[in-house]
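Working notes, beginning with the structure itself.
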Amino acid sequence: MAPCTPRLIVPIDLKKKPWEQDPPLHNRWHPSIPTVSEVRVGELFRIEMVDWTGGEIQDNLSAMDIKSIDLNTVHYLSGPIRVVDMEGVPAKPGDLLAVEICNLGPLPGDEWGYTGTFDRENGGGFLTDHFPCATKAIWYFEGIYAYSPQIPGVRFPGLTHPGIIGTAPSMELLNIWNKRETQLEENGLESFKLCEVLHSRPLANLPTPRGCILGKIKEGTPEWETVASEAARTIPGRENGGNCDIKNLSRGSKVYLPVFVEGANLSTGDMHFSQGDGEVSFCGAIEMSGFLELKCEIIRNGMKEYLTPMGPTPLHVNPIFEIGPMEPRFSEWLVFEGISVDESGKQHYLDATVAYKRAVLNAIDYLSKFGYSKEQMYLLLSCCPCEGRISGIVDSPNAVATLAIPTDIFDQDIRPKVSKVPSGPRLVRKPDVLKCSYDGNLPITKNPSGAA
Amino acid sequence: MAPCTPRLIVPIDLKKKPWEQDPPLHNRWHPSIPTVSEVRVGELFRIEMVDWTGGEIQDNLSAMDIKSIDLNTVHYLSGPIRVVDMEGVPAKPGDLLAVEICNLGPLPGDEWGYTGTFDRENGGGFLTDHFPCATKAIWYFEGIYAYSPQIPGVRFPGLTHPGIIGTAPSMELLNIWNKRETQLEENGLESFKLCEVLHSRPLANLPTPRGCILGKIKEGTPEWETVASEAARTIPGRENGGNCDIKNLSRGSKVYLPVFVEGANLSTGDMHFSQGDGEVSFCGAIEMSGFLELKCEIIRNGMKEYLTPMGPTPLHVNPIFEIGPMEPRFSEWLVFEGISVDESGKQHYLDATVAYKRAVLNAIDYLSKFGYSKEQMYLLLSCCPCEGRISGIVDSPNAVATLAIPTDIFDQDIRPKVSKVPSGPRLVRKPDVLKCSYDGNLPITKNPSGAA
Amino acid sequence: MAPCTPRLIVPIDLKKKPWEQDPPLHNRWHPSIPTVSEVRVGELFRIEMVDWTGGEIQDNLSAMDIKSIDLNTVHYLSGPIRVVDMEGVPAKPGDLLAVEICNLGPLPGDEWGYTGTFDRENGGGFLTDHFPCATKAIWYFEGIYAYSPQIPGVRFPGLTHPGIIGTAPSMELLNIWNKRETQLEENGLESFKLCEVLHSRPLANLPTPRGCILGKIKEGTPEWETVASEAARTIPGRENGGNCDIKNLSRGSKVYLPVFVEGANLSTGDMHFSQGDGEVSFCGAIEMSGFLELKCEIIRNGMKEYLTPMGPTPLHVNPIFEIGPMEPRFSEWLVFEGISVDESGKQHYLDATVAYKRAVLNAIDYLSKFGYSKEQMYLLLSCCPCEGRISGIVDSPNAVATLAIPTDIFDQDIRPKVSKVPSGPRLVRKPDVLKCSYDGNLPITKNPSGAA
Amino acid sequence: MAPCTPRLIVPIDLKKKPWEQDPPLHNRWHPSIPTVSEVRVGELFRIEMVDWTGGEIQDNLSAMDIKSIDLNTVHYLSGPIRVVDMEGVPAKPGDLLAVEICNLGPLPGDEWGYTGTFDRENGGGFLTDHFPCATKAIWYFEGIYAYSPQIPGVRFPGLTHPGIIGTAPSMELLNIWNKRETQLEENGLESFKLCEVLHSRPLANLPTPRGCILGKIKEGTPEWETVASEAARTIPGRENGGNCDIKNLSRGSKVYLPVFVEGANLSTGDMHFSQGDGEVSFCGAIEMSGFLELKCEIIRNGMKEYLTPMGPTPLHVNPIFEIGPMEPRFSEWLVFEGISVDESGKQHYLDATVAYKRAVLNAIDYLSKFGYSKEQMYLLLSCCPCEGRISGIVDSPNAVATLAIPTDIFDQDIRPKVSKVPSGPRLVRKPDVLKCSYDGNLPITKNPSGAA
């Protein structure tokens, strides 16, 4: 075997359920989840992973699996991995763990993925007031390219990356998380008023034993009960990295993760074939199973050396990322702008979230003039290599956010034309996203579509 | 003269004050500001412009001009320009005006620029609670490159662009602006609570005759009084384009602007030699005087054809931009992340503004470990070609924003190192930004630095 | 199995010799070599391949295997593959076969490669008069990156590609090849005079049964004898594609190959982890075993539709290539120039070969000032992603060729410095290429190093 | 005036003839041509220049000016410039002169250019046996873009660069040039046989007083007679740089030129709005007048430090170039291949010139299937940003050269299509290049078109 052949430390058997894998997976962050393997610095190793739902969403022609999913079970992660130096001394709290992403891809035999939006009553997405139904598109891969039968006329190269990569939190950090997220939940009513356009989504996802998988900790044991009630959900990115969804974190990238527990306890999962900045539909990347080939280094005392806490404790830090040199060239981008005025015409103060929402809505509306449904474009902008930028954040009262779309991913010229073009849809494309009906109570907001 | 020699329609005399230029400049948006020139579609024309402050900020070694500036006078714009088709028929409300940016640059003889932060009592910037003083850095240009005596060890190619380009609003649109921005001001107290970390900055900049320049409308006339009291300030980007600060809007780009008044009445100004996404320090690009060579097309009924109103009226639209093929290649980027937890440790709900603020603060703190002051890095991240991304906007409760910095702009390797490096500043660089003392009442926020 | 899982049609068993593989390999071009598999258009399939020498060169610390190799055995190819359309009708002479390269890489468990130069008496390389010895460097892969213990301080991302991809020639085309190459051999003396700097290398590699492997044709049979005596060697690229060594032919590329025999009979091999334009050292890419995942389309009558014969028959055509969007970004390149004046000072007339030779020699000499041996740089410029350009081909009498090297592949700044630097080698790096002594008769040319 | 405003040291008056300019121009290389200005290291200065023919070719609808041009007068250069260090000490033989190209462009008021091929009896071009007539296309500029009424449907961004930049040769170097080029001329008959496909072009352009312009040396003086009879023509690139035609030498690039005479005596000219690698039609870039803004540094003893002589004397060196970070992004390239078999079917030995010729012919033939004449495509491939590569130079007997064309420059999709397309020209475009009849004796070669 060549010295650079990666050692497989976490295999996945695609025929098994997430909780049947060996070594076992986990879907929470907690310092007590036991490590499943150990690697030395400099060693090339391979981790395989299920898709974030552990196979719940399938390659079929119905969105019912999207509609009925229990989000307490996501994301299934592979690990934790204990990292030691050449002398066998583990990474220690205060170190930085440098993880190089050497290679990655879909699992052989499983070269497909999906993009979806959840039902508004089950979490929704960034634009759930506009798109309350569960929808799904299937993507197939041809090497670097993906295409979807549900969104014809589009094909693009993916910048494949892990959506989640992180170290285990210490108990102290975990307590900080649980405290601040609980406070948000409890102050929900106030937040509700502020963020009315987003209000039907859960404010935070607090610890719950429901759907909890804790690796080698056996369900039903007292330890399981304790850990399950404390362990942080994997939805948000936090100080330990986690679900940061950085779309450019592909081959040749490096992540510098703070170490909070001995051994670092690295976990990863949620592989994306491709994602747009923001991952707006929530189940928004091209989600898939996959593999990562990684190499770790330990930067001793690197947290103190390189990171500056930003908050009440030394733990309030964030990882650093180094993006590699490989990415697709696109010669031209069409850019949609949003300002922080919402759909009802209300002015918000330098609110980049509102501005980005409007930029995405503008892009969806524009592209739907080229023969697509809005649902198709919502899914596409979630997963294609589009860039979401904060263009202006200081020009009171308007934040300006932009969404840039590479025009080459379409098989037609989507730029505005000076010469006369027929009005109405340019092209009727029959296929559409897979869709479930929405049975919920839609009209919570007074102005869902902005019609006062 | 070659058929492609641009016709100079707005010259600037650098020895004159903004209000002495011929044709006259203006610093407000209003449909009644008379046009100063007319161009035909397809015609290449040249507009020159003063820097946004009209020469108030000078190439000297003091930041006093930054500290004492009256922001009621900005931004000085060139125009408005009336656009007609080949038959002489003007652009009409409902059309789209396609403006191609063929060429641009600094004004010959004036090849320098500046970046600054305003005093907290005079508008401040994105991070004014951390950086309350007025500061300034001077930049000199060597072709595509800029360097600053105040920030040594850094040199980068600029993506030069106009910060402001827009059409005149109709009275109806102007009324919408004034109404919604007044409402924000009036509800300021409520907003104050929400956005406490940003609270010392003006919420909106409402119309005021103070400092107002209205082109050919003579000051003191009844018309001037009326228009001055209604005309919108130029600070925020809005439906007409305006101050959108899109850093990639350089040579070969196109802007598709909605037309609200007959003739379109195109104005432009606020030339930037280079800008980082977000322009975080507010006076944050490399601000300069400059010229634009433009070419216009009219897309008849283009608003209906291509734009979808998002709000109570058909006027709630946004421009579209097409980014050209020319930009600097950078092989490597270092990426800093922020989540929507503020400096006091408080959790915000999917707030991209808070997340981006933390990403910028993380980057400043990190870079200051390489021999720079934090003020130097705040200015640098405002104006260098860094990218501000909304990476995740759906993973409740944390928005994830990232700031990506091209490592090649530094003359040292700024990446974290695995091998032992001495702690403390890597390199003491003596020069620093030009700085004024802060005399105001700093501790308005309870937790300016996050220390509860 | 996902519909996009490639069907493996040519597996390689790394424990077996090239002539033991099943299906069998071949190392000649001939229409009578039987196909080993059939694929339909649109189908994704996988071909594995040995390295070009079939495992003769090994991962050890001696260059003896390079020195003693029998070049009659190269290149071992996988195939031929018969291509049929959806109705089962095979590709026909006159069609174009469009082959998309969907994915590729090293064979799992065999993630290493080598670069070498042959002994001058055994074929040499582009600069064999300067570098007559056999040398070798081993490269290890970490995902997209390669590094070599023999050339420290260098690491670069590879643009992996197949060196050889081609269709089978018809007998008519094969006869044309054999005739023109035989004529070249026979006129060798004349050519000798012209190309004296290159003269020790074989002029052509004519058919020979020695070392011949013909797939399913059993050795010793009359058919074998006939085919072996006619079949074209694989060294040069020709009308059927073959050894074109286009370094950018990586993921997402497409090759449009002329079809000369029914079924097209596609063969491929000679996988390169990375190669510089020109592949100057001859065994010059990072040679490795590997796999290709391909998809074919048939363009009926495409030869007539798209290709124009350039020569006495309709068969004098060349393939067309479409380069994909994925490649590493390099921000800066150092460019070395050569003109068509040779090392003896003699002027050649618009000779791009002489000009390129001098550009490569200039680059080697320059880089060797940074602590490297010239042999290290000769191998490096063969395999790193450098670009060899024909910059000027019309300015009599000098052709100008350039070699552009991305500066980022070195761990030191290799640009000339204005400030005082110590003369002599900047840095002594102890490791060097693996090298054999040269025992041959070196001084054939009167002016090997240009010293008259 | 800002400290970075370039000092204009060589102005051009477009209303004057080349020999009327002040300071005067020159069109030969000789150490005795007096310098016209002096610059200090670090100083930003501006040089303006006429187009290479000094205004002979005009913006009109006839190619007669191309047909009748006297090539003894080209190229008109601006300079020489004497370079001194901060202490006033001039650059000295053995130094390297580092010249940074800070800015460049067309001369204001003269924003157009031309591409042409010369009549076969007057120098011809790379493909003169195929295209013996004088032809011309006019290009107009819109900022970074160029378009031609004679080649509709094409528009591309230019990488503007000076075709010629070089230092003055010493007498010793000049003597080497004249000797070796005279030898080539004298051995012309032999060369004729070898290079039969190129044979009608001049082998070398030896010194001649005809058309000679020597700057401040007054015509008719004894000095003029002497210098004119010795001074090197400017057509070929040589050891001093000169006509290197490196298409990427645009904004932000650096040239490291050897210094052969005190003061370096830098000259430059032959501005190109855009050029393809090889500049195949000879008058092949988009030729224009223009300006350069430069900055020089002196690397003392840099020739010894960085360059290695390759030939009988220490003067046999070549410049080094550093390509800047700014260039257009193209997402897709179509690549045409040529091998070293000529149009008559004859095999040449590793001849990159023959291979590149065939690649260019293949590309022309292919593109002419999309509604273009071959003359249009010959001119286009001379001046558009296409890349000419030496892909394989070791695979005896075939050199493989490739020509890569960015597909985005066409307004139609020029890729081969799998689906049925009508045969014959896709689109009849009426406009064509401007063309003169060819009156010469065409059939000199036995096989001009390869028909044996």
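We call the chains A, B, C and D, going by the order they appear; numbering starts again at 1 in every chain.
Criterion: a contact is a pair of C-beta atoms (placed from the backbone, for glycine too) under 8 Å apart; a residue touches a chain by one contact, two chains touch by 3 or more.
These numbers come from a predicted model, not from an experiment.
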With respect to inter-chain C-beta contacts, which pair, B-D or C-D, contains the greater number? C-D
Calculate how many whole Å lie between the centre of chain A and the centre of chain D, each centre taken as the average of the chain's C-alpha atoms. 51
Express in whole angstrom the distance between the two chain centres, defined as the mean CA positions of chain C and chain D. 31
How far is the middle of chain B from the middle of chain D, if each middle is the mean of its Cα atoms, in Å? 41
Give me the residue numbers in chain C that touch at least two other chains, ranges are fine. 324-325, 328-332, 408
If every chain is a node and each touching pair gets an edge, what shape is that graph: line, ring, star, complete or other? complete
Can you check the complex and tell me which residues of chain C touch chain B? 328-332, 406, 408
So, in the complex, the side of chain C touching chain A is made of residues 1-6, 44, 59, 100-104, 108-112, 140-145, 157, 251-252, 293, 295, 324-330, 408
Please give the residue numbers of chain C that touch chain D in the complex, ascending. 96, 98, 125-126, 176, 180-181, 183-184, 191, 194-195, 198, 201-205, 235-239, 243-248, 256, 277-282, 284, 297-302, 304-308, 310-313, 316-325, 331-339, 341-353, 356, 358-359, 361-362, 365-366, 369, 387-402, 404, 415-418, 420-421, 423, 450-452
